[in-house]
Structures are given as C-alpha cells and as structure tokens.
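Look at the two complexes coming up: subunit A is in both, with subunit B in one and subunit C in the other.
After this line comes the complex of A and B, so read on.
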C-alpha cells in the first residue's frame, strides 16, 4: 500500500477506515458509505495515466475514509451527518432549467447541473478574446488533461480530494491569456439537484490557468435544492504577474453538503484575490490552499460565512509563503444566528526562503444568539527570520448601545439588527472591487438575513 | 392645559440601585421645560427611561405621552409616537453611513405613520437644507455615523436628526456640553427653529448658559433623583449665581 504513496517518506496516518491488522490477517474496515462511494467508480476507458491517477485516488480514499474529529484538520467539523449517508451518482442529462436565484453577473455563463456541464443552459456567446473554456469531460474524452489534472491537488492530501480525483468526470477547464485591459469576466454556476431516493454526490474538478500577465475575474456561484453533496476541487495556476479575482457565492440548498477545496499556485508578481460568501448548505467546508511560489506574489483570501438554524460552516485556509517578498491578507467574518456553528482555521506557513513575508490574518465573529458558536484556530508556522506576520480574532455580540441608538430613532429591532450586521460585513465586502459582484453578494446577504430572521421568529 | 408628557411618581433603578426616587413632571405642548442639576443627579437616567433604554428598570410610577402609556412601548414605538432623545454621548456606528442611517430612520417612522417613504433625491433635498442651517458640511453625510466626529460635530448631528425627523417631543441631554459659544448658538438656533405650539421639549443641562439661548417656560431642579424645586426662567439665573449647594443642603 505504501508503494502507491507519492510521499513514501511520510508516515501513513492510521484513521477510521484504515487497514488494520487483526489476528495477523489484514482486514479492511471500510465504512459502508466509503464502500458506497467506491462502488460508484466506473470502469475507466481513458488513457493509462488517468487510470493510474484514479486507482491511486481510490486507494487513498479507501484508506483515509471520512475523517473523524480525531483528525486534527477536522477536529471542529463533525462529518457524521455526511458519512452516514449512502450517496448515489447523479443521473446525467434530463430536463433542467436555470433556477431563478442565479445572479446576473453580466458575464458569459458556464452552467453545471449536478456537476455536469450543460451547454444548453450555458451562455458562452460573448466569451471574451483570450479566454478559452472547455469542459473537463470533453478534455478527457479527447485524451487531454495529463499533467494538469492533479498537478496541484494530490489525492493523498485528504479524503475529499481523493474522492474527487477518483470520481470527477466533469468541470470547467479555463485558460486565460486576456490582458488586464480586456477586463475578462466569467460566471461559473453549479446547480445541485437532490430529490431522488438517495442523495446524490458530484465531484466537479475545475482546472484554471491564468497565463503570464493575463487577468480574469471569475464569479463562482453554487446553489441547489434537495439533498446532495457538492465536492468540488479547483486547481488554479497563475503565471508570472497574472491576476485572478475569484468571487464565490456558496448558497447551496439547506439540505445540501458542500466541500470545496481550492488549490491556488501563485507565481512571481501574480495576485490571487478571492472572496467567499457562504450563506447556504447544511454543512459546508471551504478549504483553500494558496501557495505564493515566486517573489512578490500576493494572495487575498477574504470572505464571510453566515450561519442560521443548525447549519455548520467551516473555512480552513493554508497559506504557504514559499518565496521572498510576498504578501498575504486574510479577513474572514462570521455572523451566526440560531444554533449555527462556524469554524475558522487559518494557517500561515512561511518557508525559510520566504524572507520579507508580509502576512496578515483576521477572523471576526458576530454571534446573534446564545446558542451560536465559533471555533477559531489560527496557526503560524514560520521558518524565516525576517517576516511580518500578524493574526487576530474577535468574537462579539451586537452592541446594545448601538441597537438602542438605532431603535430610539425609530428603526424596528429587526431593521436595526440588520443594519449593524450589514455594517459588520461592510468592510469585508469592500474587498470585492467588482461592483456587480459586490451587489450580488450584498443581495445574498440580505436574503440570508431575511431567512435567518424569519427562522428566529424574532 | 393638557400635558403632552405627564410623569407621575416615577422611580427607576440601575443595577438595583435606585436612581430616580419619585419624579412628578408635566410638560404641555408648546412649552420648553429645563431640567437642571449637578452631575450624578439622575438627569440622563430620566432621559434614558423616557426613551426606553434596557437596563434602566422602572420600579414605580407612570409616564403618559400624548395620552398613551409610554413605558409599555418599545423604543422604536416611542420614536414613532413622536419622542426623540438627543443623547449626551451620541453613539458611534462604524460601517453605517450617516445618510443611509438617517434616511432609513425617517422612512421607518413614515411607514409607521402610514406616510409615503422618501426616495434618495427627496431625502437629500430635505437633509441638505437642514444641514446648511446647522452649519454642517455635506461631507458629514458620507461618513459613518458619529465615527471620527468631534464632540461638537456629534451634537450637531443629533440636532440634525431631530430637525429631519421632526419629533413631537424632544428631550435634549446636555446638548450644550463641549460646545464653544459659536456652536452653541447654532445648536440653539436649530432647537429654537423647532419650537412651536404643537411641540414640547425637555432641555437637560448642567449649566445655565444654554438657557440664555433657549429660554425655557419652566425650570426644574433635579437633585438626588428628585425634583426639589421648580420655577420660571429666573430660577436658572439664580442657580447660576448660587450654585446647587444651598439646595443640596436643604435636600
């Protein structure tokens, strides 16, 4: 087994679902939901490299299983509600329409339904020059993708990447060579459709490359209905002095799960600027691994997670400074009502070569109810000596004096609360410079509040 | 004359400490009454109790406002009923734009009264006129509410809100403190412009100074949570000369 590991020097961790010795004979203890996922793997008709990749991923997935809270990276997010389910593969094709809730980003649109590209629902007529788009399924069908699929996302790195690598059959493959003046924009839409007998799981794999000096704004929105797991992995590479603005809206169905793992590789002088707004899903994990790989590279990982009801939202970032003179900024805000829970785990890893690193991380939470909770775990791992790294965290409630001031001017309690929540989120949202997208996020925030407020019955 | 605001036997406590020990006070429509008293006598507490601030527990007595039981109402309903408190220490609201705040407050009040909301243009037109009269720059509308405002700017902002919201009854809590004489005159002019036969006012102040510009109909002295003396405007001058010492000894 260890022979298939790409990092043989690393000890293979023993976790639930691992192969254990019992009475001398090896006995695989594969969890039923893991087994159900493994069964979904179809016979591979593709090239050998792909079959090998899938094999290794399947092996890693079987070995890793669904992490429990004993796994440090998942200590604050309990996956039992997900691991209990036996997911089916989604039915492909069939009638579908674009849900009403899809924001108009004023950009060409790529639509995926249950993870499958749907040209019939997409609108790629006005694709800007220098932006090439194809689906992963067609790339693979034509024998392409070698060296690109899995370039950044190692199946050994975790359960969900392994699962995605084993089963991913579609996604967006985007190559951008458009100059900044072209102001190229693109909208990626994911629609989840539960509603069958068994919940469905889909595993989109996006491969995005921004060439040297090019620039792209990508709006990535996910929504749906019913019970499903959207397990997305995105591999993003930015060439020298490239720029990507990545604005994401996670508005999955309240009965859906989303696990999203983004790998961003940022070359010299390039900038990856991301903002994630999470308003949906029963349980959501947003994991971002950004690596500043060349001097003067920049990464902004900003976002807001809004919780209501019994929802669980997790943001986990790993920011690796692997080159000197790079800067990273992370500001995450959580607003939690009801009995919702949020997790923020942010790790800044500064390699020894990464002198003059400028790293900043801030995590702020606003708890709207006594039963809402946040777990925060900042982590600094610094091996260089000339760096400036800071992190901070605040947790608070709405300020009673501010609320009273607003109410004394005639604003009803709900409106006063909404105003203060909006104010709390305002400086986070300010980071989104694209006005159309900022407005879309503001609308999603307002919709979340309307729902959270109605649920709270206040 | 029928009182617009009628306070009877009002007692109130903060953290179980009794601060108001039985207040009786009537302010008819069209009149301006002043409440004077040394620090700690309970002036702000009275203002907060009227506005409905949490943590200020009414332990006895009643307050009728325009014939209604004021103490039974939520703060926002008191505002809708026409009560306005200009805070001694206006609250800062980072992230809340001043113009947006003021417009939303005005429209909330208009909705409650069944009046049409004002759109951004109508609102701006109204607010610009009021700001000019108060010697305020329009730039203050773009800033976050009271954030980075000087003491004087905060007080003017309170008066601006009052001028825009046009409440039936104004409680001004030490609106004069921290103002230089020019600012004081501007603020007093703003307040006087709102005086009218339908409007009542309760002007809380520590010093007589403000009352030379806003001449009250009645002056009440609040000491140790009780009104110990009431009189005409001349009482303010008397207090200025003699201080509160004599009254404190008598109390």
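After this line comes the complex of A and C, so read on.
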C-alpha cells in the first residue's frame, strides 16, 4: 500500500481538477536560497560518522529543496516568503542579555541565543538530582553523540530536518533519571537575534532522553527580535513507564520564522504529554511526530495557535500507533483575527499490530475576521481492525446564542466577544496541568489578545 | 418475493458466489485497432459524424492530455497503464441505426435481460426510462415518446450532438473542462457516447431516468460522458448502474459526468457501481477513474449525489458540487465497500461560493479482506459564502485485520460566518452486536450483512427504491467470504 509509507504528492485543488484559484507559481527546482544554505556548511572536523551524517543530510537537502505547495505535507503553507531570504550564519558569542519577556517557570534555565548555548545567561545552579544537562556542541567536541544524533530524525524525512542535520552545531542534551517524586523541571529558552544586515538562520538540535520510570517537566519557550529563522529539531525518547510533560511557548518575533520538528519515541507504558501555544512569528510551522512504540503507551498532543495581522501558523502532527493497547488524545484550537491564517494537519496512523488502539483528535477554529483563513486536514490512516479512532473538526465564529445571552445581561458586544474568546482559550489551556506554566501561557495569551483586540478595534 | 424463491435465490447467490454479472456476450463488435493518437481521436469523431467544433474540442483535450501526468496522489497502487495497449472504440456492429427495440441485436437484449434490465418489459411497465450503454455506444433509450411529451430530452450523447447541438455546445465542458484532470482530458478526447438529459423550465421529470453501463469487449476502455441540465424550477432523478464481464486483465473506465442546475432546479444522481472487482486474489477488475461534478448555478438549486460503490478493482472518484447560486444545496451520500484486494479512494468536494449555501456529506466506508478504503473530501468555503454550512460524517467499518480504512478530509474556510462541522469514526463490528444476532439464530455472514446494512442505513435510505433493494443485496454479496 503506497500510502502507508509516503504522503501522496498532490493536493486537493488538483484532486480531480476543480477550482484552482489558489495555485501559486511553482518555485524553480534549484532555488538560490538552497544553494545559499549549502554554502553555510563549514568543513567538518568531527568524527567520520558525523561527517557521513552531514554529507547525507546536505545531499538530501539539496535534493528536496524548499517544499512547494505541490508537496502534500506543505500544501497549505507557502514558504516562498522564507525561501526568498538569503540567510547568514549567526555570529557566535558577543554580548547578549536575557530579554524581559522570558517567563519565570520556577525551574533551572538553559538559554540559547541564535541557537548557541550561553552558560552566561543560563541558570543551572539548582539542577535537580537525576537530570544531566550538557550542550550538543560540547558533546560533539568530546566526540560523543554517535547513535543519538539522528536516531529518530531522519534527514530524508523532510527539508528542514535535513537542513538541521546538516548545520546543527548546538542544542540541549538532556538525560533524566529523576523519579516522579523529584518533580524535576527544566526551562529551555531560545532567543533569536535578527537585525543584522542579513537575516540569520540557526538550527538547534535537542536530544532528550527520559530513562525508565523517570519523569521530567520541560518548559520550552522561544522569543526574539528582528528577522531570523529558528529551525529546531528535537529528538525525544521515553523509556519504559517514563513520563514527560512538554509545554512549549512559541512567541517568536513578528518578523521571525520558526520551523520546529519534534520526534517523540514513547516506549511501553510511557506517557508523552505535550502542549504548544503559538502566538508569534511571521510564519511558524510546528511539526510533531510521536510514535507509540510499546504497549500501553500514551500520547497527548494539545495546543492552541493564535493568529493576528498577516501571520501564518501551522500545526502538523503525525501520531503513529505502532503497538497494541495505546491511547492518544489530541486537541488543538485556533483563534484567528486580522488576515492571519492557520493550518492544522493531524494524522493518526495505526499500524496493523496496533490492536485495541484508542485514538481521538479534535480541532476547533474560531474565525474572528472576514479575512482570516483556516485550513484543516485531520486524517485517519488505519490498518488494524480492533480500534476505536475518531476525529472531529469545527470551524466557525462565536456562537450567536452565547453572544446574545451575554448581551441580554447588559454586556456590550465587544466585551461579550472578549469574554467568549477568553473562555475558548481558557478551555484550551485546561490541558496544561502545571499551574505555573499554565499561568505563563495565560499571560502570553493575554498579550496576543491585546494585539488582536487592538487590530479589531482599528 | 415469496420466501421460497428468496431462499433459492440466496442459495444460488451463495453457491455461485461472487460476481454473477461476469458473463461475456457474443455480439458482433466494431472495434478500432489498439493505440491512441490524434488520428484515433479523428477516427472516433468521424465514426460519429460529429461537427467540426466537437472534433476541435476533442483535439484540444487530447493535446492537454498529452502534456499531463498520471495523478499519483490517491491512496491506490497499480502498475502503470499503457494507454497504447487499449482500443478506444468498440461498438456493437449495426449497419443501420435502430428505429425501435425490435431492430436491436437480440443477443444484446438478452444481455440486458440477464443484467436485470429487460428493456422491452420496462417499456411496458410504467417505470423507469433507461438508456443502456454497451461498451462505448448507447444502444437503446426507452420511453422517449412519453418524455418528449413534456419536453424532456433523454437520449444518447451522440444523438444529442446531432439533434440538440446548441445545448451540447453550451454546456459540454462547462462544469468539467476538457483539460480538468488526466482522466477527464482522456475522456474528453476519446469519449464515444453516454447519456444526455435536458429538463425544460418548470418541468418535474415524470419518471426516474436511468442509464445502464456495460463493458463487454476485451482490451477496451469505456469512456462515456453524461450531461444533465435542469432548467429553472426543473427536477429530475437519475440512476446509473454498471457491470462488466470477469477477466484477468484490468480494464479502464474513465467517465465524465456533468450536472448543471439552474435557479431552483434539483438533480438527484444515484449510482450503483458494480463493475467487476477482480477475483479473490486481486486479478483483473475495472479501474474506475471517474470525474463527476455538478454546478448549482442558480439560486436555491440542489444537487444530490448518492453512490453505492461495491465493484471495481480500483475506484477513484469524487462526485462534487460547486455551490455557486445563493442558497444552493449540495449533498453527498456514499457507501463504499472494498473486499479482497479492492482499493477505493473516493469522496467529494463541496465548493461554497454563494451565500447561504449548504452541504451535507455522509460517507460510509467498509473494508474487508485486503481491501483499502479511503475517504478523501474537500469542503471549501470561499470569502463570499456568508452563512455557509457544512456537516460531514465519515464512518469506517473494518472487517478483518488485513484491510485498511483511511479518512482524509480537507477543510478550508475563509468566511467567519460559515460553520463547518466534521466528524469521523473508525471501528469494527462490535462483538456484542454479532453475538446478539448469532444468538437469534443468524449465521455469522447474515449477521454481518444485517449490521452492515444498519451501518449504511443513512445512505440506503436516500436511494431510490429500485436501487435500495439492489444495493442491500449487493452489500451482502460484496462481503461474502469476508468473515468466518
């Protein structure tokens, strides 16, 4: 069956013809920006396995190029605005300070500036027992990382993974053996610094391993200023009965680009619980590939994406049930104002061995303006019979009855709308159990709403 | 049907098993040599004595086709088709055009009788008007006179080209353009016949219209075209059935159906697709690559597609509605079954352009054996479609652990006042349901048949009566051997 192994190439408008008003001009095959990226590659001084890995990635990147809308996985996200730019490699070192907007997660903090680890800005004094942290650059410098770098993220799987594999020189390497009682927490901060002559591109690679029975809460926040591309890849493995709570806040600069690809490998009885709030970036793509690899593994992929202005936010998930008796839950909400556009693509892929799978996915979008757009593609691909899988999707504006109810109680229209939107978002944030982190996300949500509200008022 | 006859029928169905429409008729055929080039297009057009504009249209389509690539995005796999290995025209030999049914080759009539469409009887029973398409040409259209009395035109496509060229020229390719997609372009270049329906203003078609498609000749493809036009306030219900002989090689069926509904017109198009699905090992069967699309051009117009897809080795079809007129309505009700090695990638597209447009999609997919069944659908709300509504329900049922069921909906909304709801579920037949039926004395196969019929009831309920009975039996037969 062809579809099990590869995405169909062609997308809807050409399904059997029909309306093609949305088609864009195809990009040339060998794009100059691909060549520019290839030039950024430095001579490899590391061990042979690394050189081979980088060579293969460069080869894959050159071959794949930047995906166009003809690529099914990128049908709704047009990368021309990104591919037009000639990115430079960021300058390393130099003075930097932690921006004001960094939330206090009440946890030891690892700070990356333009993708490079900055011990001077980090705060690792109170690192809990059982949590080991190092930077990828130092791991590679010591000749380590073989078998771990690229264990889950195959450069062939896509342009941005290939690009990251080719150029990644730093990132967080986290190993957690802390028992659940230790309530280990960590905060990962990424700061992007644009504003130079050319926009910079950085490619952090995080390698995270939660050992058997261990538990970690990781708060991952990204912000910045100016024009840059943050192309992060994270490879996360959870051992037997391990647990990870992964809360992410994407609040990149309004002129920045973010492409983030997370690979999570969840072993028997382990649980990966993720929440992503996206409020920033000119164009952002959050791609999560979670594989339930052992019986009774669980994955929660939740999130909210908030659009305003002309921003483009894309959430793409691939949840693979590769073992029996696993459960997955996904809930994503989008709220869009201005001329923003959101994309949600979520696939539940159930292998033939994955009997007794319980998969559920819900995706809801609220359009607040006549120029906003939502494109959703929830997808089920099922090869086992004893399964219970469902997905749902709704798109609409605020409920007229609810608005009427509030107005009949004397609330002005604007206030009534604000209240309902707040409720819709609060509902999404419910999935975050950690109160400190939920408060941090709520603050980011409020900041977005202030922007969107001003836009609606203008 | 009396109980005894029903039992005998069931026993025969079960013992003969599988595909009872797989016979081949020995009719003298006029087949052109294999291969496809511009000359073949000219030859087909010439055989049909077509006007120059139609030949030009075909040639334009052929040119477009030559520059197109075979689509690969559907979740179906098959070896590449050699388009030069098939013959693009096969017609029952007949020197003079038949004036009445009496002049038609008796062997041909017997074929249709075996298929359960006794044209002669049907003429007598006040029932359904039938246009039967045998391989590439339309052989008989019943009830012409009665329909003509109210101004309804129901004839073969070729006749329409000669007798109503202004209508054909105006609407042909207006919904599915000649270069729309690979298989539609191929059809536009080489189509040989099909049905044409025109319902004049304010007329409710007095009977259901029906076309029966039959592929008989070897190494041919069938490329028919259907065009239905419902003028202001007109309404029509149209039924389509299809069968083909059992053969080890695959045959291509690439049809195009275009529907046009003007102000307050309504068209209901029902299909029971039972092309030969191939044998239990997946040898042979029809490649059913069809483009069906309806345009709701007028205000408050309505187009409703209902399909029961049990046949074909591979199905690739997306009956769609372009909801252009304000307040227009599109519906898609579908049951698709894949058993053995069948593959189906089917669904719909609802393009909402006008305000207050409404669409409903109900799709039931059933996979058994090694079957792969994909629902692929698009709901697109354009910026001017204020207050548009869509509701979509896709359910999949899996029988056995070697099959697959997939759901790929695309939802695009660019209007905040529009409301789109989509729901999909995948499950298997519940043990307790099976147990309950078995405990009441039903065999496992009967129980599965019953449960599957219940699973599909929302779709079967909207089928015209004649089809509903046939469809229920087909469901049971299609699933034979899938349990126990």
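Throughout what follows, the second predicted complex is superposed on the first by the 414 of 458 C-alpha atoms of A that agree within 3 Å, B and C clash if a C-alpha of one lies under 4 Å from a C-alpha of the other, contacts with A are read in each partner's own complex, and residues count from 1 in each chain.
Definition applied: contacts are C-beta pairs under 8 Å (C-beta built on N, C-alpha and C of every residue); 3 or more make two chains touch, one makes a residue touch a chain.
Computed from a predicted model, the values in this text were never measured in an experiment.
Visitor: Pick one for A:369: touches subunit B only (first), subunit C only (second), both, or neither.
Guide: The second partner, subunit C, only.
Visitor: Does the superposition put A:352 against subunit B (first), subunit C (second), both, or neither?
Guide: A:352: touches subunit C, not subunit B.
Visitor: Name the chain, either subunit B or subunit C, that contacts more residues of subunit A.
Guide: Higher number of touched subunit A residues: C.
Visitor: Could you look at A:419 and tell me whether it touches subunit B, subunit C, both or neither (first, second, both, neither)?
Guide: first
Visitor: So, does A:450 touch the first partner subunit B, the second partner subunit C, both, or neither?
Guide: Neither partner.
Visitor: Once the shared chain is lined up, is A:384 touching subunit B (first), subunit C (second), both, or neither of them?
Guide: Only subunit C is touched by A:384; subunit B is not.
Visitor: Answer with first, second, both or neither: which of subunit B and subunit C does A:409 touch in the superposed model?
Guide: A:409 contacts subunit B only, not subunit C.
Visitor: Quick check for you: in the superposed arrangement, does A:393 touch first (subunit B), second (subunit C), both or neither?
Guide: Touch partner of A:393: subunit C, not subunit B.
Visitor: What part of subunit A is shared between its subunit B contacts and its subunit C contacts?
Guide: Correct list for subunit A: none, the interfaces share no residue.
Visitor: Residue numbers of subunit B touching subunit A in their complex, please.
Guide: 51-55, 74-76, 78-80, 84-85, 87, 90-91, 93-96, 101, 104-106, 108-109, 112, 144, 161, 165
Visitor: Residues of subunit A touching subunit C in their complex?
Guide: Result: residues 1-4, 8-12, 14-19, 72, 76, 352, 355, 365, 367-397 of subunit A touch subunit C.
Visitor: Using the touch definition up top, name the residues of subunit A that touch subunit B in the complex.
Guide: 400-402, 404-413, 415-416, 419-420, 422-424, 426-427
Visitor: Which residues of subunit C touch subunit A once you look at their complex with the stated criterion?
Guide: 71-77, 176-177, 180-181, 183-184, 291, 293, 316-318, 320, 322, 349, 351, 372, 374, 376, 378, 380-381, 383, 396, 398-428
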